[in-house]
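Here is the structure we will look at.
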């Protein structure tokens, strides 16, 4: 058996914690194949290949019909990594035995998968088969966080809306409702945030998280400027660009302060531009501008040495910066392979550079970013194969490590660091 | 036989369409070795290694003497991919049997190649030996497009001059002469462009094309602003920077509209700065600024969903953006490996990422960009070897595809998509 | 024996010139293990993993105690390339036989290494065992350059302070003292620089060198503007941002002119931001902004065709630009793998792209950047292994080169070009 195979085989026995997902804990697993094929990775690729959005997003569309419309386009995307996940899910979870999902075999697959998914233990079957011990969520700030097991589904406070959309009255109304605080100035804002953090931490939250546009460059804002922006917002008066930036920076900085005060990691997902492709399918409209640098976060990383920042970058051109910043900043932690960077060629390069230059205690290898539970299995499997290969080549072959040493490093990156960084 | 070798052997049987070249259809093949060694890839490398430009570009220089001057410098560039093309051309076309072209063997090569090139069927010999069914051209807007077989040499409307140099009186004079329209305002400009498109399409043109500087960010310009800029130009008054940008944007947008109206793909070649090295050899003066993003084309891609944009990028740092934009935008098509990115290490990375994340129907694998027919053979051969290796590793080995499946994907990328995208 | 092994074995016989280091020629080798573990690559990684700076930099700290504090953190960084250098040094120089340096074996290592280092020929032992014929230095402009063998330790004029800190009175005082010229205007500045160059060249200097921040974009400055900035500086009046830029550009341009006049290569190390992580350990505070382009040096490269610019870039995203600029500019020479790019994954990519597209006469393969002599051995060894592998795969396997041809190319890149480019 090759070193790669030996390492992989060991890594496959490891149970996992998935530190970033979009799972809805009230409906974690899929109910039909449409929940899987409806994932934006498939709808956007099928649309990119030619399927009109209107056909995918027709109101009231029956799940079976949705799948029927998507299947003919699968042949155009069968080369993609995303398709390979689909195939692996169907093979592992639903006993699918063909090598392609086609117009002539999808109906049997639809039916057999439906039967699996209707089994009363489907959710725990998937968790078990996937080796998942815990699944981190992405919760709106006003999520009640009730009605699910917060030891299994770990809450995480998502803060994009607070930082970038507080000027919208519905966001402020939801915030007031959730916290019983009406935002008028810096003080009331901090009060509301304190309430949210208390609520989340009480409910076993393990992280605060945000996705950030490429042009964002956080800096501390004076109370005076924050008050000015917030009083305008409270009066429903529009902010100019500079006031909007003040407000975003102030909220962001206050969130970091909360993380510092409460010893909560702050996940940064850097570099996404929203709604670039306006006519794209649901969740298939965002892209990026690679002209972003971690130097934009210099003041933040210096100001909050006590906050851990598990950091993901969207552009592969940011990969080396992430390694370099983590190389000297104790609080910068390279994390996962996000979205457009979550394909083998970029994972491999990032995996190698991180393992070659960042302390092993600081690497959070992977998260699935999934919307439905079934996706953790093929996504982690993809990552694990690459990790095994990198460990075999860069450590066992090039540096004479034993397979045991390589496996231990793999364990730490896959699971151990998730526990130490996010464990409270 | 390894999977790579099996796949390569199959791909080598495929006949090709070369979707982007600078071939002069009236003199497509080389006449002496100087036509080959005079390619800027060799003159600029020899110059970079130390050969003064004046020796290369001496007026009235005899072809044999030109080769005599370049040959001694070949030993300084024999490591380059470009040199490997030269060697392969000489071996395949002229029966050259040595492994180096040196001061002691070049004269025999010169003579034997001269004899080949003087054969009356040389052009068709090259086409046939290279497996070329069609060769796309790059034509000036006022090219009469007569005197050659437009079923073999497919016209393509090159539009750089219209977009970036319309303020020059000689360009406008040529345009007036070609179209019988004198440009005075937005209306007459559109009239002239319509004439050009009609002329090109009637002559079997399959594409409109342009190369674009890194700072270009096209946006729609109002009729009013276009009229203002055009009336100044018509009066031979200089434009300020902002008016110049208005004019370029307006012409560019009008070209995209023509492509939409006439169902013509619009080739975008993004990222070149002209004349960076002012004292460089002919065609060896251009470089780039990697600080460019496809976000600059956001409005264009949204505004013209019906136009296919086969897109090339000059900087390898733009490779992932191209993949990501093509992943969700139906009209963005990753195309070839352009110029400074046309060496194995960058081709491999781009080839892998495109195959892993873009619908297979949207990938235009390669074009030669050649000036003389002989270059298609070694350039496509280089690409094909990399493609075969990527198919063998990422698909046959990692994803258990059969060789047949891998070959079919290779065929589609090498030829099939050229036909569907550019076929009218 | 594989081609890689054959090539490597040949390359290992080659004696070296290290064209860029920070060696102090009066204390070139280490005296205790603390000199090795005190290298910022280890202190910054240990700090990044959690060791407080105060513990590392406690004033008056005993070397043995310093090592005792660092050793427990080595297990957190044993995955890094930097750690592999440490291990190789200990194994080769001090007979260390374990595969890890731990809390239970470090004291024996400390003692045995101390014994080696106290041997009276330790410096020459290291030079000899490392195969080093010459070691280039990085000298302050006011270094007397006396008291050491300038045929072995080659002086190099480091000019960062002159270009970026001339507004500081202590820099000007040191300059006045070194040159007997008081700077008041462009003329006196040029006089002082001429004096420095004369001094350095007389002392066998082979290069002028500078590290440059990402935003720097040198351009010629008029005598008038230079005089204005310099007269303010002479009067100890603060410069505004634009005057500061004028001053930096003027000094930089004058240095390039001196290099032109005296036929000295000018090493450019492009892209570092100083003091980004303010609370970092000594020399572990600098990072970068990847948004930099070589287009910023366009005017420089055009203005000084007679000056060779061995160029290093800090960000791997600049690697292709460096290749492309070297491809057409005769005076741009890709050099080494600097700092955050000096790990295998980035070295491999840069090594491949340079060998595939730049004349072989222009490539300066590697320098160690070391502060203590012992580091040349593992760093060059790392590079040599990668180089051997690239030569075997891209040249022997892919292009049918003989091993001898590949070795010759390796020799040229590792040593030959250092002699031709820096040999005076």
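Each chain carries a letter (A, B and C) given by its place in the written order, and its residues are counted from 1.
Heads up, the rule we're going with is that contacts are C-beta pairs under 8 Å (C-beta built on N, C-alpha and C of every residue); 3 or more make two chains touch, one makes a residue touch a chain.
This structure is a prediction, so every number in the text was calculated from the model and none was measured.
Student: Touch graph of the chains shown: is it line, ring, star, complete or other?
Tutor: complete
Student: Can you grab the rotation angle between subunit A and subunit B? Superpose on CA, round to the nearest 5°.
Tutor: Result for this pair is 120 degrees.
Student: From the mean C-alpha coordinate of subunit A to that of subunit C, what's the distance rounded to whole Å?
Tutor: Computed value for the inter-centroid distance: 39 Å.
Student: Can you tell me which residues of subunit C touch two or more of the remaining chains?
Tutor: 291, 317, in rising order.
Student: If we count contacts the way the header does, which residues on subunit B are in touch with subunit C in the complex?
Tutor: 44-45, 47-50, 76-82, 84, 99, 273, 276-280, 284-285, 287-291, 315-317, 340-341, 343-346, 385
Student: So in the complex, which bits of subunit C are touching subunit B?
Tutor: Going through subunit C, the ones touching subunit B are 291, 293-295, 298, 301-302, 305, 317-318, 320-321, 323-330, 349, 352-353, 355-362, 394-395, 398-400, 409.
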